[in-house]
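Sharing a structure here in structure tokens format.
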Amino acid sequence: MQAAELQTLRQQIAWRKRYDIWFGILGLLATMVGVLTLVALFVDLIMDGYGRLSWQFLTSFPSRRASEAGILSAWVGTALVMLVTAAAAIPLGVAAAVYLEEYAPRNWITDIIEINVTNLAGVPSIIYGLLALGLFVYLLDFGQSILSAGLTLALLILPVIIVATREALRAIPIGIREAAYALGASKWQVVSHHLLPYSSGGILTGIIIGMARAIGETAPVITIGALTFIAFLPPLPFTTDPATGATVGPFEWLFAPFTVLPIQMFNWVSRPQAAFLENAAATGIVIIIATLAMNGIAIWLRYRIRKTIKW
Amino acid sequence: NLVKVDGSSTVFPITEAVAEDFQKATQGKIKVTVGISGTGGGFKKFCRGETDISNASRPILEQEMKACAEAGIKFIELPVAYDALTVIIHPKNTWAGELTVADLKKMYEPAAQGKVNNWNQIRSTFPNAPLKLAGAGADSGTFDYFTEAIVGKAKSSRGDYQATEDDNVTIQYVSRDVNAIGYLGLAYYLENKDKVKAVAIKKDDKSPAVLPSLETVNKGTYQPLSRPIFIYVSTKAAERPEVKQFVEYYLRNAAKLSKEVGYVDLPAKAYELALDNFRKGKVGTAFGGHAEVGVSVEELLKREMKH
Amino acid sequence: MAEASTRLHINRQRQARERLIEGILFLAASSAVAVTVAIVVILLYEAAGFFQHVSIVEFLTNTQWTPMFENPQYGILPLVTGTLVTAGVALLVAVPTGVVVAIYLSEFAPAAVRETIKPFLELLEGVPTVVYGYFALLFVTPLLQRLMPDLPGFNMLGPGIVIGIMIIPYVSSVSEDAMRAVPMHLREGSYAMGATRFQTATRVVFPSAISGVLAAFILGISRAIGETMVVAVAAGQQPNFTWDPREPAATITAYIVQVAMGDLPHGSIAYQSIFAAGLVLVLMTLVFNIIGHLLRRKFREAY
Amino acid sequence: MAHDMNMPTHPVVGPLKAETSGFHFYYGDHHALRNIDMPVGDKKVTAIIGPSGCGKSTLLRSFNRMHDLYPGNRYEGEIRLYPDNVNIIERGVDPIEVRMRIGMVFQKPNPFPKSIFENVAYGLRVRGEKRRSVIEEKVEEALRGAALWDEVKDRLDSLATNLSGGQQQRLCIARALAADPELLLFDEPTSALDPIATAGIEELIGQIKHRVTILIVTHNMQQAARVSDFTAFMYMGELVEFSPTEELFVKPKKQQTEDYITGRFG
Amino acid sequence: MAHDMNMPTHPVVGPLKAETSGFHFYYGDHHALRNIDMPVGDKKVTAIIGPSGCGKSTLLRSFNRMHDLYPGNRYEGEIRLYPDNVNIIERGVDPIEVRMRIGMVFQKPNPFPKSIFENVAYGLRVRGEKRRSVIEEKVEEALRGAALWDEVKDRLDSLATNLSGGQQQRLCIARALAADPELLLFDEPTSALDPIATAGIEELIGQIKHRVTILIVTHNMQQAARVSDFTAFMYMGELVEFSPTEELFVKPKKQQTEDYITGRFG
């Protein structure tokens, strides 16, 4: 190649590479929009609510006196609701994903199910609230209970779990399936001995991410009517009820009234006294830390799986 | 041994305070839940028999009475405190410290929509400055009462103002704009005296201008913007000892607790009358299924009930 | 070896067990359909009462939505425009930013940067939306008011932008997955032609991943349309038939949650109206999802 | 297994373990195999060679009904398994039962991401075997059979996926052997391995062929020549020639075969 | 380009287009290529053969610095490109510039999911060429050069991914040719193709070798024999033997080479 040609070539490359640099900067800036917003939000919450974060705050019931109020009933409520959500959404979501990925024949029924799953992922959460109000609260008569809320959020995260499970299943090489079938395994044996164990990490990640989203949901829980002052804990199984002296059954807590963290926060935010706004901010910190922790676990899991499972 | 209360967000802070103290007083033997689903939402549940007590920032309406009657639910109406709607302006607003009901009507009536946009349209002496209106969201009891008291008909309002369910937001809005005006519950004003200024209200040109305060409301001079707020107790629930105990506790402590959370207590006499009505099981409403402005609580409690 | 040959015959017991399991799994998968049907049935059932009082024509053509006023008007259009405008603003923020972020993370950022930033971004989803509402009202709107002094305290712009930021991770992570799924050999093909990073990213990787990127948009639209608390807090709650994002307005979701906490007498038309509004909302997301489905089919990855 | 009444003999091959006749295979509309008649000699190694895409893998995978796993595939004709004399692609035949008797080793080693022990034991577990002692015994036997025992006996609990490629492939053979197959299918078992590992696998095939019938696909003609007794040459979905291996490589009957083995195409 | 002063000659090969000397390559810690000295004759076809995993692809991909795309890879030594006489793996050399001069065709055809026209035009567009007429002319020329013009001239706007495998591969060659490369790298370009398509590609290589220097990796020795002028035999990361093709296949100098080409391993 002639020197002159080479010269123009180099100029032209240099010109093109300039876009690389510009785009690199642009990309970093765009990424920072999200990250900085998050940091700003978090810092703001911490400034407002840090002073209220204490052991007392975590172990007290809500109160009309902001300085005595705490989130005990709210975080216990959140934990129990999440328990129900997990118990309902995980088996259902995983089973649905296994069916769609491993069993479903290619026909219109499968198509309908597929379209429905993608669709559900897009249904606004408030609509789930309306559904739950009609279905769980009234039709099935679960009332405004932990059970109703847990099932509502379960519906909300069902698509998340289905999608994550399907992806994890798809990541398992076809060779593993064939190897098991070739040894005479039945379909269910292949699923239960291989596919589920090997995809458990991916499934777990999906579950955690779904739950992290459910923790912060406000609107659907409001629609089922959980915006409530609760200054007691649900009856914990096998403890004695202070009022009746009777032993509590194992499932009574499911039907207990409850409140959850975002609702408690929402409640406090609209109070006239500035001190309640501090409480609201402190609650926000707790929620964010909970989601942070859950996401952290998910990341750690993802990392560990990538290290241990190889094909 | 669970007392279920639901309903108005306005009444919530008082009932919450009562519930808190009550549960402490009974050492947790009786549990109380206090929900917020709005006065209407509260009556909906109440008339289905799902709740024992309904918080209400307005009297029960005919429609709701019908629903309760169909379900065989009878109720006792008990006023528990006053809420004073407070009209607020920016602290630097120098001209609107006193306003008549007629002034406010000019601002908020439906006919003003799109037309009344300047302070000098209210009174020619007011400056030529844009009029920025804020107020309660259209499905709140506050909105209903304000329109009833100012415009003369509940729910009759212009639509183009900054509406919100959250009174803190109204505070934010007014405190940022010299030309803004809004209205909200007294408690929010009391907590934000440093940010906004209350307007003294004149019933008409001749009456004195009255600023909202615990005294003026309690004495009945802050008119027409003070309103009683209620709890409704189901008679069936009232038979249960824990509900009975709770309601009596409520009426005995409402004076102290309502003041503590920023509302105005009723005259002491009124609580006695209410307790009496409750014990006698005097069912029905004193209002006949629609809103009324400016009746004294004692008078209400003595009225013949409709049910 | 007669015995051996029977060994090859179908094992009925095992077959029955397998069928049973398949049936159970099928039922689980069908739950997705059941939920959709339940949503539609419940909304239709409640909305039916509403439509006995309000004609569908009025519902769809009237430009005033004032169910709570003295002369109630039931035109859904203002809520629809409010919903579309806030969602539109959100998408104007989220789509370009999300795509740039996705391209950056998938093609430009070193692995270490990518792995640290991604989870950070995903946290944006975990913040309770109420917090975003106040962020929009108390931080973003005042900031915008400095640029646009005439901007009202409530407007669709502020919450729209905040929703946009909130859904960046949705758009970016789904798009990034799609871009990373583009096989390396296509990139190699491009680099081998002497293309730069930027050229490879924009001319080969992005077009190849377009169907996944579209899926991300659709997901973003659904989220933006369905977001409730941010608009309920920061956009004002007055239905307003306008396409101007600087004006205050209510969205369908804000209306629903407002009524769910409000003072409406139950059994009233206004109360039933939330189900009619919900129905419209579901139909809107359905339409977008179907459009997305069709687009995706059209642009299906061909690599 | 002694020579059985039900085990027919073939003029060239001798006693048969299996046999395809008039066999066709379709991937949906794609007619991938046409009219294949191929004998599989009992306790013999039969190699299938041919250019890429000619249908070698397709034929091999028909023997254990692997194609049943994917929708749209269709078999036609017969694959008879002896001594049962059953057409294993018939409807009434359970593919799972077929696979329990006909093992398979794949091109790419595909151990399960479980321990070495669990990999080899898997075929027994699938059959419902629960007795620990039986399983341990069989696992050891199979690992010895696959010439892997000495290398792994101290780390039976470590992950199989950490083994080297050649070890993994021998593990897969052990896994198949532990299930006591009558016929073992190999699909290019060494194409992902280095020369040394390849030599190990070939040696192993030489050792086990006295116990089990082997059908092997390879695209390496030298490998076919080294390990097999009979070779089938396929081309574009058809079986062009089937002969004893030496004969096929030394004096092929068909021109196409000769062109292929002399490297004129492929 | 006429024979150039800067273009050194090699005793066996003649004028050189490129040459590696003392070349090493590392995938992180894995030392994949050791001390490779290989000449690439100008306007000649040089084939690289060897068993799987010996480093053929690694060497080939070093010529256009494909390894730069992945973190942790390291080059050492020299790959000189003539007539410039630059060491193209030196730090100061821009890999983009190298790739603009050295084209590559991959094992699996990898057309972009764009139209046929846009695929071929890609190299020109990347260079910033905007003139429609120039692009059209070059595209036609390249498609003709790749013996694809007649088949696709009526559907230049249809998706390249809808072409058959052989056509796709020829399209990829056209795409590379359109950029006027001085050296063209082929990594097993026919291993994903059927015999007929393979023959087409081989014929094509024969046609273009008068215009451009070719370096081709293949695991098919017959192919190397058919298309190349020189052949390099690699084994375990080392260059074992480099000779004129006929010589290497007829009388290999090294025992390993002989073992490999006679099929004793691999």
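A, B, C, D and E are the chain letters, set down in written order, and residue numbers restart from 1 in every chain.
Here is the rule we go by: a residue touches a chain if its C-beta (ideal position, glycine included) is under 8 Å from a C-beta of that chain, and two chains touch if they have at least 3 such contacts.
Computed from a predicted model, the values in this text were never measured in an experiment.
Participant: Kindly list the shared contact partners of chain B and chain D, in label order.
Facilitator: Under the touch definition, chain B and chain D have A, C as mutual neighbours.
Participant: Where each step is a move between two chains that touch, what is the least number of such steps from chain C to chain E?
Facilitator: Shortest path length, in steps: 1.
Participant: Specify the chain pair with the maximum number of C-beta contact pairs.
Facilitator: A-C
Participant: So the centre of each chain is just the mean of its C-alpha atoms; given that, what is the distance between chain C and chain D in Å?
Facilitator: 51
Participant: Can you compute the centre-to-centre distance for chain D and chain E, using the mean CA position of each chain? Integer Å is fine.
Facilitator: The mean C-alpha positions of chain D and chain E differ by 36 Å.
Participant: Measuring from the mean C-alpha position of chain B to the mean C-alpha position of chain E, what distance in angstrom results?
Facilitator: One centre to the other, that is 84 Å.
Participant: Could you put a whole-Å number on the gap between the CA centroids of chain A and chain B?
Facilitator: So the centre of chain A lies 39 Å away from the centre of chain B.
Participant: Could you tell me which residues belong to chain A and also touch two or more other chains?
Facilitator: 13, 16-17, 186, 227, 269
Participant: Going through chain E residue by residue, note those that touch at least 2 other chains and give them in order.
Facilitator: 96-97, 100, 126-127
Participant: Which residue numbers or ranges of chain C touch two or more of the other chains?
Facilitator: 14, 194, 196, 199, 260-261
Participant: Considering every pair of chains, which are in touch?
Facilitator: All chain pairs meeting the touch criterion are A-B, A-C, A-D, A-E, B-C, C-D, C-E, D-E.
Participant: Quick one: in the complex, what on chain A touches chain D?
Facilitator: 105-106, 173, 175-186, 189, 193-194, 198, 308-311
Participant: Could you pull out which chain D residues touch chain E in their complex?
Facilitator: 51-53, 191-195, 198-199, 220-223, 225, 263-266
Participant: What part of chain A is in contact with chain C in the complex they form?
Facilitator: Where chain A meets chain C, its residues are 13, 16-17, 19-20, 23-24, 26-28, 30-31, 33-35, 37-38, 40-41, 44-45, 91-92, 95-96, 98-100, 103-104, 112-113, 115-131, 134-135, 155, 158-159, 162, 186-188, 209, 212-213, 215-219, 222-223, 227, 261-262, 265-266, 269, 284, 287-288, 291-292, 294-296, 298-299.
Participant: In their shared complex, at which residues does chain A touch chain E?
Facilitator: Within the complex, chain A touches chain E at residues 1, 6, 9-10, 12-13, 15-17.
Participant: In the complex formed with chain B, which residues of chain A make contact?
Facilitator: These residues of chain A touch chain B: 61-64, 143-144, 225-232, 242-244, 257, 267, 269-274, 277.
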